[in-house]
Amino acid sequence: GGEGAASGQAVSGRQQAVTLRLGYFPNVTHAQPLVGLEDGTYARVLGDGAKLETKTFNSGPSVIEALFAGAIDAAYIGPNPAITGYVQSGGKALRIISGAASGGALFVVRPGANINAPADLAKKKVTTPQIGNTQDVALRAYLAANGLKSREDGGNVTVLPTSNANTLTLFQKGDIDAAWVPEPWGTRLIQEAGGKLFLDERDLWPNGDFVTTNLIVSAGFLDKHPDVVERLLKAHIETTQWINANPDAAAQIASKRIEADTGAALSVALVTASWKNLRMTSDPVAPSLRKSTDDAFALGFLGTTKPDLKDIYALDLLNKALAEKGLPPVSR
Amino acid sequence: MLHPANREAMTPYQVFRRMTETRAGQLGVFVLFLALLVAIWQALYSLQVWPPYTLPSPGSVGETLWRNTENGRIPRAVGVSIRRLAIGYALSVGAGITIGSFTATSRLADSTVGKVVLGMQSLPSVAWLPLAVLWFGLNEQAIIFVAFMGSLFSVAISTNSGVKSIPPLLRQVGLTYGASRWQMYRHIIVPGMMPSLAGGLKLGWSFAWRSLMAGELLFAGLGLGQMLERGRDLNDMSLVIATMLVIISVGLVMDQLIFGRLEHWVLERRGLSSK
Amino acid sequence: MTADIRPRHAGTEARKPLLAVQGVTRRYEGNRQAVTALEDVSFNVFEGEFVCIVGASGGGKSTLLNIVAGLDAPDAGHTLFDGEHVKGPGPDRVLVFQEAALLPWLNVRENVEFGLKLRHTLLADIAAKAERCLELVHLQDYQKLHPHELSGGMRQRVQIARALAVEPRMLLMDEPFAALDVQTRERLQDELQEIWMRTRSTVLFVTHNVREAAVLSDRVIVMTSSPGRVKCEIPVPLPRPRQMDSPPVTGVAMWIRAELQHTGPAGKEPAIASPS
Amino acid sequence: MLHPANREAMTPYQVFRRMTETRAGQLGVFVLFLALLVAIWQALYSLQVWPPYTLPSPGSVGETLWRNTENGRIPRAVGVSIRRLAIGYALSVGAGITIGSFTATSRLADSTVGKVVLGMQSLPSVAWLPLAVLWFGLNEQAIIFVAFMGSLFSVAISTNSGVKSIPPLLRQVGLTYGASRWQMYRHIIVPGMMPSLAGGLKLGWSFAWRSLMAGELLFAGLGLGQMLERGRDLNDMSLVIATMLVIISVGLVMDQLIFGRLEHWVLERRGLSSK
Amino acid sequence: MTADIRPRHAGTEARKPLLAVQGVTRRYEGNRQAVTALEDVSFNVFEGEFVCIVGASGGGKSTLLNIVAGLDAPDAGHTLFDGEHVKGPGPDRVLVFQEAALLPWLNVRENVEFGLKLRHTLLADIAAKAERCLELVHLQDYQKLHPHELSGGMRQRVQIARALAVEPRMLLMDEPFAALDVQTRERLQDELQEIWMRTRSTVLFVTHNVREAAVLSDRVIVMTSSPGRVKCEIPVPLPRPRQMDSPPVTGVAMWIRAELQHTGPAGKEPAIASPS
């Protein structure tokens, strides 16, 4: 990070310090907070006017729980919990203010399973991380596009939503034939369990872009402290740029941060390898979120009325910050 | 039950107390109590103490309950969970009683196996998930195994302390009539530990039940644990609370049908009051 | 009952005793206080004999019976039963406990049948024997009650019936009749004698009632307390049946009572001398 | 302890039995038993019954244990978890005993609060997570709350059955000496339920401990639960097993230091054998 | 003890009784078997009186004492204590239970102090009284033992000491001396009389020992069994102190014994008539 860079923001002395409580996962898809918190960029850019507190989580739904309960103000999070959080609160609780990462989902097959074409998936066992999550929806949509169906829909592909950790064990044991998983699991399946890459999800999307991580903020906080949110976005953008410029140094920092947060290290090599399949970007890739929502709704995961995502994005501040840095705006 | 004439002179508290003298009255009081709890809940909701997406209204939870009952999801989940529980728990009761009475009657076993059992009891159910997957793969057995391990040690421990709390005089009765080791178990140890075991079995059951909820997270294979997780995953508090209510009800029904009776029966024939 | 004037125990000295208690000592090392319950207690009981033990409260009588029953082990000395070291309980010696030791989960009848069941007695025999013993103690109308529904005396009677039902080689009885009214007590004394004579079993019987000792026993062992020792043995070679109030019985009872004086621990004599 | 002369004539079984007669000997036997278990483990590993990534060698687990102890992670995690546990459990014991003795002595309370307690006991700890966040936010209190709720009902239930299993005769002693309601609690009910409560407190403790492990998943804030979760996430079986061993050891130490003593003390002064 | 020949209870008929038992009936409706323990029992006990109850085992004596103590309630009839309805237990009536009802978590001394503590007696008084009562029952050397370390008789003595310590207005004693040896028993009988005369308390005393009843009481209530009813009352207007073996006491004892004959349930007479 720009260690020596001067603080761009002057803070008025009379203003009371606001506390910004930021949630994230100690995981490779949350690169910006890992790096930016560790090297101090966030604290520096937020300045004296805002005190930063961080909380780490293991799962998206618990982030939403915390946001609903008013225990955090902003968080890095995957698209699906963001959607359910928005829908469940009737559009009241949260806004997506930026993207953070794109890509990073792999469909890996076990060599012994002899899967060479989509049709070979018939009568095979495939796992996804969680029923109704991004990868689960993507797999089911992919099956449908290739004329296959999961067992519960009357087809012959067994789709088993199970935790990523179990997937690795089952893959090693040879109990499952394929898995549609996010990073770093895709890389781990390949490196540690001898899996074969069958499909990189990027190949299914225009420009290879689909959103993996968003930055969300609670609607109330955005109303009250737009200035703080703006500075958060600046820190986010700055860190994103730095990571893209210095991937190896960033991987070192991220690995260190993960170890500090969780007490267990994720090797630098694994972080680097996983990031090869990811792109750090502020663009929330809005069309991919919409498409994913539509697929999920069609598969029956989002209730009985078609979800309305009209106000889910609040990108004005992001575009303002991007403009200040001379970067092109993003669209919703 | 109550003479109307008496009623007038009684305070509401006395009326309720009187009601609890009969089984039907107890049920009535309980239902009234539940109604009171629901009323408080509705009040909290109406006062908007918490936003509605963190505390849904009783009405919306009721609606979720009804919808999922009607479309068969809740009955199916309950059926699946209870089946798993029944198997896992039955196995753990059998094995637990065996281990527990063994460790309680042999000092050597107590200071080896017994100590390990004590330690194992503190393992959370999630610790068994990797092993379950490893040994059984993703299937019913794996889930049942988690429920089994969840309650095994607690049953063993309560059996152990149940055996140890048998008055020595009762053992001596068995001994003086020349009971063999097996006869001691059959005629003294097992019946003698019943009062204390009854409570232990009840707690063991809730260990099994809670572990089952954890075990059902192994993979999405129906069951109440999965339904709860689904509610959390979708941040659907109505579904979460509806599932919690179902879990509580199953717990209560189990207790009334099995453990309450067991305990009452054991205490009653010993002349220990159940009041 | 017919008169029995056979010299049952002539020449007992030459015979091998059924029970030989030899130099038995038992100390309880409590955390708070150590108590010597028995010290160097020795005596013999011959096959078919009826021996009573009398002594002050806390004098180690129950401890002694426990040791003979094999439920407790002496710290020094040993007991021989039928020539073999007593190492544990056995079906040949049955103890009637001082407390009413009933199994609370069994009803009256099941409690009486308990010992028979353990011995794999035939079902029909169990029923018949239990029936008979319940009648002996007059509890045939209370078969279905559980111990907690019984009066103190009734509980003790159930325990007696349970022991009589198995007809053990040696019957160890610890104040079995203490909770009973005179009438029941006397009837059970008679019954016990009758059973004893019929089955030729051996009885070791603790009692506080000196007349009971005089009426029942062939020999009375008088024990001192703190620590428990054998003070003396009183032979009772009276013909049977004996009458509770007959002069010989009264005389023996007075003798026992006299021996019992000053058996308590030194320095603890009653403040008011008892007038007897 | 053992005379060498005696030793020759004894079978190994007898030697071990003899050893368990002293406290130190018990420890020795336990250590030998553990050594045996480790040997079996090593054998399983060497025979490649399971692939090494699912069953790591004792050596690699030992190495993980040592490394994480040396760099202070395990001590810190243990410290954090035990602190949380101590607070949550202490609160649940206080509240649980109050609720339990209340429901055991009032029929009205038993058929209202008591029933709800029975139902709540069957709720898995994860069900409390949303409420914990809602009421306390993401902080220590929230985690402690989960541990508290995890054991509260079990303590209440064991108290309840402990009170109910007090022999009526002992109550009558209190009554005939004119004990007030408060004196009955203080002098009869509380000491009278101790033997049965001792076992209940032990099980309650493991409920608290297991719930804590679930509560620590609320956010990644150190603690053993988090360490276990991490090991699972990384499929680092060495870390998983090392953490399990730490959890088991904490459980054992707690038991030896607190519950074992409590139970021994209670049973011993009542003359109930602990053999 | 000095001779007491005052006509203590002259004109008792006119005085208001301290305890009035009126038409008390108690039935136990077990699941398996219903038992009528007491049927229409009525009698009075006057202030300062020493009344003994005798009767067959299972005759409802303990049930009666429980009802008077307020630990049990009759199905019909009622009891008045000092003119007021007995609705529950009270510190003015203390029951010595038939079983040795000690609190197992307290040691001997703490058990004796139990009643005093509940009454908020001064600490110094508690110590002094407990000490004195422990000496009375000769247990001063066993203060630190717990109930399970005591012999049967010792347990009963602790219970007696506990009751005597609180000096209640009315002492209800259920076969308190049954487990004691003759010597201890006689000493405690003397002590009890002495305390009774000194504190002017009232005693209701269940015993199976007719001589004990004759020596101790002002009046003996004889009960029948199945169901329990009052058969008759025998006044014992003998001067005190009384001698256990004196002719008047022997005479009264024989009278009580005669009344006790045939108090058992019909059709259950002993097969062998007891020779008394």
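So that you can tell them apart, the chains are marked A, B, C, D and E in the order they are listed, and the count of residues begins at 1 in each.
The rule is short, and it goes like this: contacts are C-beta pairs under 8 Å (C-beta built on N, C-alpha and C of every residue); 3 or more make two chains touch, one makes a residue touch a chain.
As the structure is a prediction and not an experimental result, all values here were calculated from the model.
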How many hops, at fewest, get you from chain B to chain E via touching chains? 2
Hop across touching chains from chain B and tell me the fewest hops that reach chain C. 1
So if I look at the partners of chain C and the partners of chain D, which chains show up in both lists? B, E
Of all chain pairs, the one with the highest number of C-beta contacts is B-D
If I average the CA coordinates per chain, which chain comes out farthest from chain C? A
In angstrom, rounded to a whole number, how far apart do the mean CA points of chain A and chain E lie? 84
Mean-CA-position distance for chain B and chain A (Å): 39
State, to the nearest whole Å, the distance from the C-alpha centre of chain C to the C-alpha centre of chain E. 27
Of all residues in chain C, which are in touch with two or more distinct other chains? 99, 149
Touching at least two other chains at once: which residues of chain D meet that condition? 54, 129-130, 134, 229, 232, 271
Check: chain A positions touching at least 2 other chains come out as 62, 65, 68-69, 163, 165, 169, 173
Output every touching chain pair, sorted by label. A-B, A-D, B-C, B-D, C-E, D-E
Counting only contacts in the complex, chain E reaches chain D at residues 66, 69-71, 88-91, 93-95, 97, 99, 101, 103-105, 114-115, 117-119, 146-149, 166
Please output the residues of chain B touching chain A within their complex, sorted ascending. 51, 53-54, 129-130, 133-134, 137-138, 217-220, 230, 232-237
Applying the document's contact rule, which stretches of chain D touch chain B when the two form their complex? 13, 16-17, 20-21, 26, 29-30, 33, 37, 50, 54-55, 107-108, 110-113, 115-116, 118-127, 129-130, 134, 154, 157-158, 161-162, 164-168, 195-196, 198-200, 202-203, 206-207, 209-210, 213-214, 225, 228-229, 232, 237, 240, 243-244, 247-252, 254-255, 263, 267, 271-275
For the chain A and chain B complex, residues of the former touching the latter: 60-62, 64-65, 68-69, 81, 84-85, 88-90, 92-93, 130-133, 160-163, 165-166, 169-170, 173, 175-176, 301
Listed in rising order, chain C residues that touch chain E in their complex are 1, 28, 30, 32-33, 35, 54-62, 98-99, 107, 138, 141-142, 144-145, 149-154, 157, 175, 178-187, 190-191, 194, 208-210, 243-245, 257, 260-261, 263-265, 268, 270, 272, 274-276
